[in-house]
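A short worksheet on the structure shown next.
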Amino acid sequence: MSDQLIILAIIYPLFVGVVTSLMPCRERLLAIWGMVHLALANLLSLGLLVQTLTEHQVTYHLSGWAPPLGIELRATVFSGLISWLISAVALVGFIGGRDTWKDQVGERLPHFLALFFLLVAAFQGLCLSNDAFNLYVMLEISSLATYGLIAFGGGRAYLATFHYIVMGTIGASFYLIGVGYLYIKTGTLNISDLAQILAGVPWTEAYILALGFLIIGLLLKMAVFPLHLWLPNAYTYAPDATSILVAPLSTKLAVFLMFRVMFDIFGGVIDDNIPSWSLFMVLLASFGILAGTSLSLAQRDLKKIFACLIVAEAGYMLGGLWLHDPRGNVGALFHLVNDAVATLVLFLVVVAVQESVGGRNLGHLSGLFRKSPLTAAALIVVAFNLIGVPPFAGFFSKATLITGAIASGRLEFVVALLLASLGNLVIFFRILERAYFPSEEPFEEKWTRSKRGDVLGALALCIGLFLIVLGLQSNTIMDLFIRPVVPL
Amino acid sequence: MSLIQSGFIYWFFVVLLMIGMYGAVGKDNLVKKLIGLSIFQTAIILFYVSIGFKNGPATIPILQGGHGEPIKDIAAASYFNPVPHVLMLTAIVVGVATVGVALAVIQRLYAEYGTLEENEILDKIANS
Amino acid sequence: MKRLALVMSILLGLLLLKGTADFPQFGDPNSPASAGHPNSSEDSHVSVRYITEAYGETHVPNLVSAILADYRNFDTMFETTVVFTAGTAIFLILRLPLGVLARRRSKAEMPRTLPPLARDPILEMACRVLFPPIQLFGLYVLTHGHYSPGGGFQAGVILGASFILLAIGFDLRGTLSRLPESVYNPFTALGVAFYIGIGLLCLVLGGNFLDYEALRQVVPLSSQEIRSQGILLVECGVTVTVGSVIFAIYTNLVSRGLHREGL
Amino acid sequence: MTWILEAFLLLFIIGVAIAALESKCLLTSSIILGAYSFMMCLIYAALGAVDVAFTEAAVGAGAGTVFFLATILRTDRKTSR
């Protein structure tokens, strides 16, 4: 049984999603149904994580054909961790988004949940598949499910979704061209096979372009600065139940995919060729960080502020991956985990704020502390994390990134990281100032305490405190999960 | 001499890709953008399909005489490479699925703003 | 924007052309894609391996079907899921909650409706005559996909198209009264569920996911025959999903998700 | 001599692709896109990909065009650019 865990981690949410679309639209029933199945999916992923820890690498041959013939799944310790992270974020997102179902989903609930589960399955597939073309299919399912989940929010979500569709499809097509260029030169699609072949070839134009197209495609999916245009609006106008799931995972999985393209496919050749690429990519990342942070500074809508922060965070990880230094890679991957959790908290806080004060503009935040202390506390926790205060995980990931950048002499990246921390300080100062020190007393009589807001605030706070655990245990986590997969 | 069954097809694929890219990015009308996207995707499909072609005695990847007695001694050089064809079946279906979702979004946009031109929609958003 | 797009596409074209110069000779039977890369071991030259061995292993002369539904059937399963996902997403986007619809109607903001179309006896008769052969052809494409071009996807689209023809030739409401949404909508999910179910059955019987060999424990057939039949089974699942999703997408798109009036 | 015919076909496809993008009427555009898809089927078939050609004819040219038509008849068929 245990050798089937890896396939079950993908198939289980998929099957549940397909069955969910046949369920009757009864809210309580569906809530319990979804919760139970996501909990079970969590157990499966956790089992996979334990298995990867004991066996270091789990492989699975689909339909019984050995790898180059059939499709192969492969889990390293890190992808085991990501797999569990996906299930866990999905469970929390499910619980956090449940309150918004009534207003935003209505009678379409079974179909909404079906897409939710399909998205989880596609994310799992993205993280576990070891076949370059299968990854494209997974990329497309996750995008299609995301389009549906964002667009049903209505209003401005439609135009945002359309932009997302155009840019997402172009990104996926670039990825497909990259895979095609690799296929015409090597004749295989299996990632391990590709790595083996590429290790001994002369590095010619077709390979450079293959790498280039794969990277451009993934940059579009990651929403790094000049290619970020789709992200802020899409995430801002998405229904809350969607953004809680999509925002923490979508761009991070693109980062993970880029890591795999760089080191699993091109691992053998990239070391000799990375310097010229690195020069450009780290510069791009530094610009991306600064641009994302300044975009965020200009916003007044809490959700949009956080959506723009995602653009900045993508820059951190991009830069870390291309630093040409193992510490940079470790930092980038640790930041990936930390950022997924932090973004989850951010978007939970958005829902909690909306429940507690009835709006999410900066103006609404006035007196949040009095109205929902737990939500305000969660906001502080995640602010500390994003600014990079020890002992939060954000501090350790940034510290690792900065040591990596200094070791490889990329001072512009260091400057961008420090400036971004400063920018985050300003952003969260503006938010927290209003939340804790309102300029005028709010009208107490008009306002009733929201129980849901408090519950969500408590949930956000719990996960936020998990960031401290992540920070205190950062070295253990890096040793256990990240250093084994980063080539030294 | 044949143009389709020669390296010239790469030029053709690149030209179609450029047309599609221009349509998808440069056009203002949402449906036109989508048409550009479709052309873009067919160009990629053409590229993959051209990978599978083989000169010489090769023919389509359906074994000859499959209805009768078991076939023996199949030479790889006598059939086109079927792998890119398999991949492109998937890509075509994915493409049409994307187009369907995008068209649904377009209908909603039209219901919301009463136009299909992107700049007019942006104007209406800015004015509201 | 236009100028930027032009520059971008020309740049893209130049890049792509630069890459094609480095490709192996067009149509070379010994190119890496067709004959395997010299750096990899002999038995991992997939294309050669598929062409020479696939018939012996699956008894399917159409190599594309064999690879699609056996060697790479995991891809195909997700491809079917893509179709299902698209159908669900379109449903979610176009079917507004009743509350929103009511608000729309009160504000008289319903999008424009088409003028009622006159019934055309010639058209209706033509549809009536065409409908059965199209469906028959769909089934032929499905079952003959092992031997000729065709398979689950094409068959599904043809079957779905036959119903679309009815909806266009007659009217949407009449078609939907014969084939209501409550009937065809479950099939969108059932096809995928059937496909996944086959995979899970293989898994329960002790094989890997979608390894048709495991089915031999319940169906006593030779290894090649069971693969051939397994391919047919999953293609049936694909057909059901694709056919019903194509029809569902059409009905939702053409009536803006309301199903009141179509073309 | 086939290359003359083929050159004609290839040029025609490029012309059709541009016409689909530049036509002032969206209905025309989408019908032209269907024609474009069918002609691409010819190319796929000429390159030996019969299954791909069949799928493109059924899915791309058939279903895709119908979806485009359904949407355009439900929205606006004119475009200024």
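For clarity, chains are labelled A, B, C and D in written order, and residue numbers in each chain start from 1.
Everything that follows uses one rule, which is that a contact is a pair of C-beta atoms (placed from the backbone, for glycine too) under 8 Å apart; a residue touches a chain by one contact, two chains touch by 3 or more.
This is a predicted model, so every value here is computed, not measured.
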item: Co-neighbours of chain C and chain A - touch as defined; value: B
item: Comparison of B-D and C-D (more C-beta pairs in contact); value: B-D
item: Where chain C and chain D are represented by their mean Cα positions, the distance between them in whole Å; value: 20
item: Distance between chain centroids, defined by C-alpha means - chain A, chain D (Å); value: 38
item: Centroid spacing, where centroids are CA-atom means, of chain B and chain D in whole angstrom; value: 11
item: Between chain A and chain B, centroid-to-centroid distance (C-alpha), Å; value: 29
item: Multi-chain contact sites of chain A, meaning residues that touch two or more partners; value: 133, 137, 140, 144, 147-148, 151, 154, 177, 183-184, 189
item: For chain B, residues contacting two or more additional chains; value: 5, 9, 15, 19, 21-22, 25, 28, 50-53, 58, 61-62, 83-85, 87, 89-90, 93-94, 97-98, 100-101, 103-108, 110
item: Of all residues in chain C, the ones touching two or more other chains; value: 16, 23, 33-35, 46-47, 50, 62, 64, 72, 75, 79, 82, 85-86, 89-90, 93, 111, 149, 153, 249, 253, 256
item: Chains that touch, pairwise; value: A-B, A-C, B-C, B-D, C-D
item: Parts of chain C lying in touch with chain B, wherever the complex brings them together; value: 1-2, 4-6, 8-10, 12-13, 16-17, 20, 23, 25-29, 33-35, 46-48, 50-52, 55-56, 60-64, 67-68, 72, 75-76, 79, 82-83, 85-87, 89-90, 93-94, 109, 111, 147-149, 153, 242, 249, 252-253, 256-257
item: Chain A partner contacts - residues on chain C that touch it in the complex; value: 15-16, 18-19, 21-24, 31-37, 39-40, 44-47, 49-50, 70-75, 78-79, 81-82, 84-86, 88-93, 95-100, 186, 188-190, 192-193, 196, 199-200, 203, 207-214
item: Interface residues, chain A side, partner chain B - complex; value: 133, 136-137, 140, 143-144, 147-148, 151, 154-156, 158-159, 161-162, 165-166, 169-170, 173, 176-177, 180, 183-184, 189
item: Partner chain B, residues of chain D touching it in the complex; value: 2-3, 6-7, 9-10, 13-14, 17-18, 20-21, 26, 29-30, 33, 36-37, 40, 43-44, 46-52, 55-56, 59-60, 63-64, 67-68, 70-72, 74-76, 79-81
item: Residues of chain B that touch chain C when the two form their complex; value: 5-7, 9-11, 13-15, 17-19, 21-22, 25-26, 28, 50-56, 58, 61-67, 70-71, 74-77, 79, 81-87, 89-90, 93-94, 97-98, 100-101, 103-105, 107-108, 110-111
